[in-house]
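Next come the structures, one after another.
In the two complexes that follow, chain A is the common piece, with chain B as its partner first and chain C second.
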Partner chain A sequence: MSAQIPISTFNPYRGEKARLVRAYDYLILVLALFLFIGSFHLHFALTVGDWDFWVDWKDRQWWPLVTPLIGITFPAAVQAVLWDKFRLPLGATLCVAALLLGTWVTRVFAYHYWNYFPINMVLPATMVPGALVLDTLLMLTNSLTITSIFGGAAFALLFYPTNWPIFGMFHQAVEYHNSQLTVADLFGFQYIRTGMPEYLRIIERGTLRTYGQYATPLAAFCSALLCSLMYPLWWYIGKWFADTRYLKSI
Partner chain B sequence: MATTTEHVSLSSENPKSLPWYLIDLPKYLKGFGILTVIYVGLRLYQGAFAIEHGLDSTEPAFEQYWMRLFYIELAIIAAVAGGFWGYLWTTRDRNLEQLAPKEEIRRYFTLTMWISIYTFAVYWAGSYFAEQDNSWHQVAIRDTPFTANHIIEFYFNFPLYVILGGCAWLYARTRLPLYAKGISLPLTLAVFGPFMILVSVGFNEWGHTFWFREEFFAAPIHWGFVIGVWFALGVGGILLQGVTRLIELLDRIPDAE
Partner chain C sequence: MKVLFKPWLLALLCLNVLSVLTVPTAQAHGEKALEPFIRMRTIQWYDVQWSTQKFNVNEEVSVSGKFHVAEDWPISVPKPEASFLNISTPGPVLIRTERYLNGKPWTNSVSLEPGGDYEFKVVLKGRLPGRYHIHPFFNLKDAGQVMGPGVWLDIGGDPGDFRNTLKTINGEVIDMESFGFANGVFWHLFWGVLAAGWLLWWVRRPLFISRYRMLDAGLEQELITAQDKFIAKAVLVGVPVLVLALNAVTANRYPDAIPLQAGLDRILPLPAQVNAGTVNVDAIKAEYNVAQRAMLLQVSVDNRSQGAVRIGEFSSSNVHFMNAELADVGHMPGKDDVSNNGLSLDNNTPIAPGEQRTVTIEVRDAAWESEKLDGLIKDADSRIGGLLFLYDDVMGKRYISSISAAVIPKFN
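And now, the complex of A and B:
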């Protein structure tokens, strides 16, 4: 047994029924807001984690790769329901906005006010521009294939340039004890994180580092490829979870 | 929020200005209010006593300020689970075949409110206090599984949202015909999946017996939590089930201004 939406009954409601349906919409909006803040944020914090927490982790090699790759998951899954079943072109933006809200609240009250990390050290990155493009592309094309290839790629490629106005200033070079660092590195040295020894920072490793200014676009294009694959995978995961069956036993 | 068929006439006659399908709205808003007071209160408690008495678990003050809170939490959790689940089960509707469409619609609204309260608890557990764990363990050396943030996050927030998810599941199972006839797969996924996050605490703490610090928050010992929270996506299926049934029920009641 599973639920089938009876298309023939989709007539506009009037009077009390219209008010009832609108009230249900508002209930769902509140439910969805806290659902996506809570679930997407936990998923994001435990997979992207440190790259989003700390300004000195926002490097050229891993940050532009990991963040969009993990960040496109819930948006794809939610679009699979909201667009496919309700024709609402806002699944990605809803998820990303909810995530941003949750991270901001936490960075201010859990990092800054409780443990005195400077707020500039723990600013969250934004994926809102990429999510807007993803929603718009899905709405205009109504195509999973096109949205996967071009939307997934755009989500990854837009990440670094749209975050540059926020984080560019922390990449300014400074000389400190005869070493060349960035302002972000100085944050890391000045505000000690007892749980994170410097040898664990996964930044700027291997041959790619010698590519100099090309490291970032290479990481972004690698992310674009992976996001194009991650998007349809999570679209189908979203569809699988949105099953409407009633079982006889569990 | 639990109304049986026997109470229908009483509910419909409620003279307040709220429409019949939103009879439970005040209880829903009170639920939000109570939870907000609890979570903000716990955060203020952390702000007041975590740095002063929560850095060294071997100190007597730690026992007084933190372990005592932990025992109180366990008692509250046991009472809330027993109280809510027991109430929902003992007041179940034994006459679901006779349920009027209007009353069933009202119960779908109440179920949505239960799920909404559940997701509000998921917010505090999955978003705020979860990431705060990283913040705290970057400034405090982890010398016990009962740290000042774990006592609130793992042993209060996690069980509380499990209880509230269980309430939503029980409410549907005992008061709505479709959920009583069959077991809703998405509702079960959305409740039991996040329940596994609580179970993953064991895996997480076992991992931290090797690494006492929060060296790398995205480390694999935390991924058990991640897989558990994916199941929250089952809410999409619950929404589809609810909307489908509401459309059918709305066709069965007369139009009104």
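And now, the complex of A and C:
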């Protein structure tokens, strides 16, 4: 990548060539959008799954641990391609935006219109702020190491506070038939899910008991550490899959 | 044109055919798919009834009944340490408003005791009009779903009439159908606009081939401008600050927010209703005649009650085999899962108080096959289980025994 070719020798495309190259940009963008909507959404649904589907799964231990850990995978891989080959710092934001588009389509059409769940019961979480931080940090530092450590950590640490304005209100207490529930729990009780008994929820399980009731920050920092490791792993997966050889023949 | 005409005509024909074909909605819940020994020897339902089967949106319906947790719980099925009484519905066409076990309200999962007797009640409210096949059933952790008897419910009315409001502990009345939706959409749009702004900032300029060539030519510094860097720095600092500020505002707004609740309810069984010790029944042997679709049960009955008793019914996996010789005892004509003369005895005379008698019961009905209960003989655990109902006509009492025995198949 060193500047062996003098700047004066670089000949930018003009006229018809420039128009064709721009058309190619849009073609790739549209294809990439649908590819990431489909693949990242599928990946997310199969791995994060119920934690993202249901309001009564979004707990303070597993949800902030699992979601960023899985959510950082595609952004890292796509950043590896878009930054390394094109110096485009938008891989993470593109992936997360595509994921959200796919998620909203499924929540509205599959969960609400097809299966009759109220949409507020299946509101998705957002990872946009973490993705913006990942993109900008990579752009400003141009360093895989720094982005892994600080970007990965920020992606995890920002997740819970980003989503609290959306889901905090569902954690208000309700007295219901001699027990205390959150509004979110009540959704799970009232809106019948035949294949989702209450005990299937993986919430509040684990040994994070020594530190009193500070489960969320601990889960978030645990996720931050794991995201710092997950990020470079998926960066190299992205690099391994990406191939721009054909561009040399244009 | 002629070449194109035929495929188009064929496609049009196919579309026409598809449009007239009706696609029926699946209404079954796999109730016959579970291995018979699990259906017969885990949750043994009885006396299940619905308050009504026809009602409107916003009206309530309840299902109540009893179940016995079989003592002879299959070794291959985990014990019911976490169980959830559920309702099989095609989505939340009804909502569950109340649920009781042994008279106690409960919302979480519960631990059941093998040998225990329980009575339940679930109150539901109509949400979406339609005709639905509904069962109460138990989700058993690591085992699956054990269905109770199913019925068809007709929900009439207008879905727009449905209301579901409740009051939080702070006194705020909320509508569960819309609570938090507008707020969620707002925050998704808010962050979505920021994401779109960042993407458009880069997408507005030439992207892939142009940037690749410039990078290849060593013009990296041309690709990221000072303005880009300024905006990136603003985003890098501004977004986390904004996130933390919004989080603090929300935390202040809901200072009494609590974590999701994950307790397991503990509800003791009722005093013994089944195998209560008054009339003891012990299964000695069971043979299944494949050709005749008949189960031959040899049982020993020890009547320690004050009156004479007669065997009136054998019930297993929600199929009721009735003794036709006993008039007015539990006959339920017209129900699909009842065989009104499916049970006969070698000796139908009442078993006197204090008498011990070995009785051979023939339970013969096509239901063994249609309900896929005859698959028992091909299961790894081929023990039959069920409830035997004995009646004291004079005293008007009913005694129930949960019996089980290994089944020997007879192929001729």
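Observations on the model:
Keep this in mind: the second predicted complex is superposed on the first by the 225 of 250 C-alpha atoms of A that agree within 3 Å, B and C clash if a C-alpha of one lies under 4 Å from a C-alpha of the other, contacts with A are read in each partner's own complex, and residues count from 1 in each chain.
Heads up, the rule we're going with is that a residue touches a chain if its C-beta (ideal position, glycine included) is under 8 Å from a C-beta of that chain, and two chains touch if they have at least 3 such contacts.
Please read all numbers here as calculations on a predicted model, not as lab measurements.
Within the superposed three-chain arrangement, the count of touched residues of chain A is higher for C, of the candidates chain B and chain C.
In the overlay built on the shared chain, the residue A:Ala131 is in contact with chain C alone; chain B does not reach it. In the superposed model, A:Glu16 makes contact with chain B only, not with chain C. Judged by the touch definition given at the top, the superposed model places A:Ile72 against neither chain B nor chain C.
Residue contacts after overlaying the shared chain place A:Trp104 against chain C, while chain B stays out of touching range.
Judged by the touch definition given at the top, the superposed model places A:Leu46 against chain B, while chain C stays out of reach. Contacts of A:Leu181 after superposition on the shared chain: chain C is touched, whereas chain B is not. Of the two partner chains placed by the overlay, neither chain B nor chain C lies in contact with A:Ala153.
Shared-chain residue A:Ile37: touches chain B; no touch with chain C.
Of the two partner chains placed by superposition, A:Cys95 touches none, neither chain B nor chain C.
In the superposition on chain A, the residues of chain A contacted by chain B and by chain C overlap at 1, 3-5, 9-10, 13, 21, 24, 28, 85, 114-115, 117, 193-194, 197, 200, 244, 247, 250.
Residues 19, 21-22, 43, 46-47, 50, 105, 108-109, 112-113, 115-116, 119-120, 122-128, 130-132, 134-142, 178-179, 181-186, 188-189, 194, 197, 213-218, 222-223, 225-226, 229-237, 239-241, 243-248, 250-251, 253, 255-257 of chain B are the ones touching chain A in the complex.
Taken in their complex, chain A has these residues touching chain B: 1, 3-6, 9-10, 13-17, 19-21, 23-24, 27-28, 30-32, 34-35, 37-39, 41-43, 45-51, 53, 74, 77-78, 80-81, 85, 102-103, 105-106, 109-111, 113-115, 117, 193-197, 200, 237-238, 241-250. Within the complex, the chain A residues that touch chain C are 1-5, 7, 9-10, 12-13, 18, 21-22, 24-25, 28-29, 56-60, 85-90, 93-94, 96-97, 100, 104, 114-120, 123-124, 126, 128-129, 131-133, 135-137, 139-140, 154, 158, 160-162, 164-187, 189-194, 197-201, 203-205, 215, 244, 247, 250. Chain C meets chain A in the complex at residues 29, 82-84, 86-99, 104-109, 127-128, 139, 141, 145, 164, 166-170, 172, 174, 176-181, 183-184, 187-188, 191-192, 194-196, 198-199, 202-203, 206-220, 223-224, 228-229, 232-233, 235-236, 239-240, 242-244, 246-247, 249-251, 253-254, 256-262, 264.
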